[in-house]
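The next part holds the structures, each set out as structure tokens.
Next come two complexes built around chain A: one with chain B, the other with chain C.
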Partner chain A sequence: MLDDFNFRIIFEYLPLFLTGLRNTFFISIVSIMLALMTGTIACACRISSIKLLKYPAIAYIEIIRSTPLLVQIYFLYFGLPTLGLRVPEIQTGIIALMLNSGAYIAEIIRAGITSVDDGQIEAGVSSGLNYFQRMRFIILPQALGATVPPLLGQAIVLVKDSALLSLISVMELTRCGQTMTSERFMPTEAFLTVAFFYMCIYFCLKSLADWSQKKLIFREAY
Partner chain B sequence: MIEFKHVNKWFGKLHVLNDVNLNIAEGEVLVICGPSGSGKSTLIRCINRLEPIQRGEIIVDGVPVHDKKTNLTKLRADIGFVFQQFHLYPHMTVLQNVMLAPVNVKKMSAAAAEEIAREKLIQVGLTDKAGAYPIQLSGGQQQRVAIARGLAMSPKIMLFDEPTSALDPEMIGEVLDVMVNLVSEGMTMCVVTHEMGFARKVADRVLFMDFGKIIETGRPTEFFDNPQTLRAADFISKILTH
Partner chain C sequence: MMAFYFSRLVEIFPFFLKGLWMTTQIAFISLFTCTILGFVLGILRSGKNKITKRLIGVYVSFVRGTPFVVQVFIVFFILPEWGIQLKAFPAALLAMAIMGSAFICEIVAGGINSISKGQWEAGTVSGLTLIQQLRLVIIPQAMKVILPPLVGQYVLLIKDTSVVSVIGVMELTRVGWVTVMRIPEGLMVFSLVGALYFVISYPLILLSNYLERRMAI
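Up next, the complex of A and B:
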């Protein structure tokens, strides 16, 4: 099978792939940052006792989690212009990824918060600490530690989900593979290269996750 | 100091506190016992409003606990609470656990809070553990830290909810010793416990509950040696026969 595998063409297309890699990287970083903000705000609303905040947050989270990302991307790509908003593809893609991951991140943070033992909260209550003090000193330090691994997991998912942006002609990694395939008709070479670059990003994020396991989570003290 | 007036509480249909009337004097040590599910934990959890009540009134040091206008922070700062499962904050050192409320609720300076915290750690016999994390301590040590955490707020009342029930037998003594010391300092205490030795030694009064009602109260010797009700006699025989 590898007899007719053409390495030369990969090198020929390397500048294109590097552009794709750069775009995928840029889109992922920006999206994950925005998704973290969206998710934190959505989570704060979700656990709030104020109904005007709580129910819209539930609606947002449930709508996103119950529909495919591709549908959300198409909805924004074709839907926003009909609403009179002309947004370039790359921004549309970032908005879609932000909204999508934001919903999952909201649930990840909420899981972290609810994982803190009720007894500790009661201990805080009975020593007179108010809601914000309990959040600040008891709940969040533990919840955030516990959410770091699943958040990095979500970041990895987001990087791979960004491949779907190829369908709205954003020039990211997968789109580069498609371009090379249609120009030279060499899909094996094209998508193996694409896969290789995704793996590189994945292993970078994974080593970050492993490092954070040791560093960021509160030291369980030995 | 603590006054229950016709207190009623329901969990759904379950009547957990049934017309409870009770007066606890300043400096009194009250031991509450009774079968599981009889409402004894709920009773003391109402004193600092960890639980709401549906009818009646609880007055602590002149303050109606369940009144909407009551300053809960102030009320709770004056009442120490020790839980069966300790509930220390696992991400903080022993010293930080004890200092947290004095610094944030009483707005003490860190230095002043640390001084008090260290003093309380001496009192519970854990001077050398200030820098340790809860996970490094035995159950008995954790519970003593929890007591120090309560004491650091200089409370007027200490409430104990089965403080030795989650401990290995050989660690019960060290926790009870700390509590006995507190008694000798004149602290007002309500203790839910089945430790007969402790009750006999230091309690001013034993209160026996069943089905949310106070069935019997009396001096410990009278209660244990000569219970007035069948229900109490049955309960005492059960906890003594093993």
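Up next, the complex of A and C:
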């Protein structure tokens, strides 16, 4: 099946793939940082008791979670110009990934916070701790342990999702595979190489997630 | 101008319904095949045979480690090199089946592994065959663990059908993409596409939330 697998062509295209890999890294890291911020804010709004913050947050989270990422990307890619905004593709992509992952991260953080037992909060109140002290000393240390592994899982999903940016011609890893296929018509070499690079990223993040699962989940939180 | 485009969009709305129908078709067929394949693989993965376990493990980490777009390209562009020529629609279904079954396999294997060993032993002692043990003792209990993430996975699968638009299957996202070339109102066109996806997947999200609450002890 792979008798005529051509390694030479891969070496020839290696610089292109490395550029793609670098862009994928860049996009993923920037978007996960922004998504963490968006997610934290969205989660804070979601659990607050102020209706004006709560309902928009719910709408944002549910709309993002029930539409495909590709539709969100196209929405921004074709939609922003009609609003008169000329945004480069890569930034459009990062905004789309940020908004998408932000909604999922908001739900992850919320699950972590609500997993802390009510009795803990009551104990904090009766010990005379104020809201921020309770958050700092009681809720967050316990919630964080439960949050880190799923957050790393979301990071894995985000790296894979960044492949969809190839469809709005962002020069990342998958796009390099497409470029090589259209230039030389060697899809086997191109896409297996792309898959190989993604697998490498996946295994790094996966082992990190497994390690954090072991380290953090069963740790006594106090 | 906006109103003009809006009336144009209303005019071609049947086109969107056609796309929605295609999306539903792909979604239903692949949910069905993925569930069956996923259960078979999941049961094998939680079994005792080391070699099948390893092989399924490799398959699962390949699928989980690569983006779905890349898998679609592999199915659509690489299989013809090996003499398997597929049209866009069957290729899309095959890619969906490969992707979905790996994720469902993990969910099922996790559910089965959560059942304590004593249940298997009790089954053996009662003289049940392996199939009977699975069908009567293990799976009914494991379902409690399996069901909420399974429905969640269904939602993800329905959303992932949008990706097969890249190989030219005329489903909802592709319809939106084609339309936006004629009606340059991206916000309007893709709001409509998003709303149609919302209609299919939001009920399933609610079901998944309900099951999660219901099954939590």
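Things worth noting here:
The rule we apply is simple: the second predicted complex is superposed on the first by the 210 of 222 C-alpha atoms of A that agree within 3 Å, B and C clash if a C-alpha of one lies under 4 Å from a C-alpha of the other, contacts with A are read in each partner's own complex, and residues count from 1 in each chain.
Keep this in mind: a contact is a pair of C-beta atoms (placed from the backbone, for glycine too) under 8 Å apart; a residue touches a chain by one contact, two chains touch by 3 or more.
Remember, it's a predicted structure, so these values are computed and weren't measured experimentally.
Contact with neither chain B nor chain C is seen for A:Phe11 once the two complexes are overlaid on the shared chain.
By the touch criterion defined above, A:Leu167 reaches chain C but does not reach chain B. Contact with neither chain B nor chain C is seen for A:Trp211 once the two complexes are overlaid on the shared chain. In the superposition on chain A, contact of A:Pro81 is made with chain C only, not with chain B. Once the two complexes are laid over each other on the shared chain, residue contacts for A:Tyr131 go to neither chain B nor chain C.
In the superposition on chain A, A:Gln72 makes contact with chain C only, while chain B stays out of contact range. In the superposition on chain A, A:Glu122 makes contact with chain B only, not with chain C. Between chain B and chain C, the partner in contact with more residues of chain A is C.
Contacts of A:Gln142 after superposition on the shared chain: chain B is touched, whereas chain C is not.
Across the complex, chain C is touched by residues 1, 62-63, 65-72, 74-75, 77-83, 156, 160-164, 166-167, 174, 177-178, 181, 187-188, 191-192, 194-195, 198-199, 202-203, 206 of chain A.
Across the complex, chain B meets chain A through its residues 48, 50, 72-74, 76-77, 79-81, 83, 85, 87-91, 100-101, 104-105, 132-133, 135-136, 146, 149-150, 153. Residues 61-62, 64-70, 73-74, 77-78, 81-82, 155, 159-163, 165-166, 173, 176-177, 180, 184-187, 189-191, 193-194, 197-198, 201-202, 205 of chain C touch chain A in their complex. Listing the residues of chain A that touch chain B in their complex gives 117, 119-120, 122-123, 125-130, 133, 137-138, 141-142, 145, 218-222.
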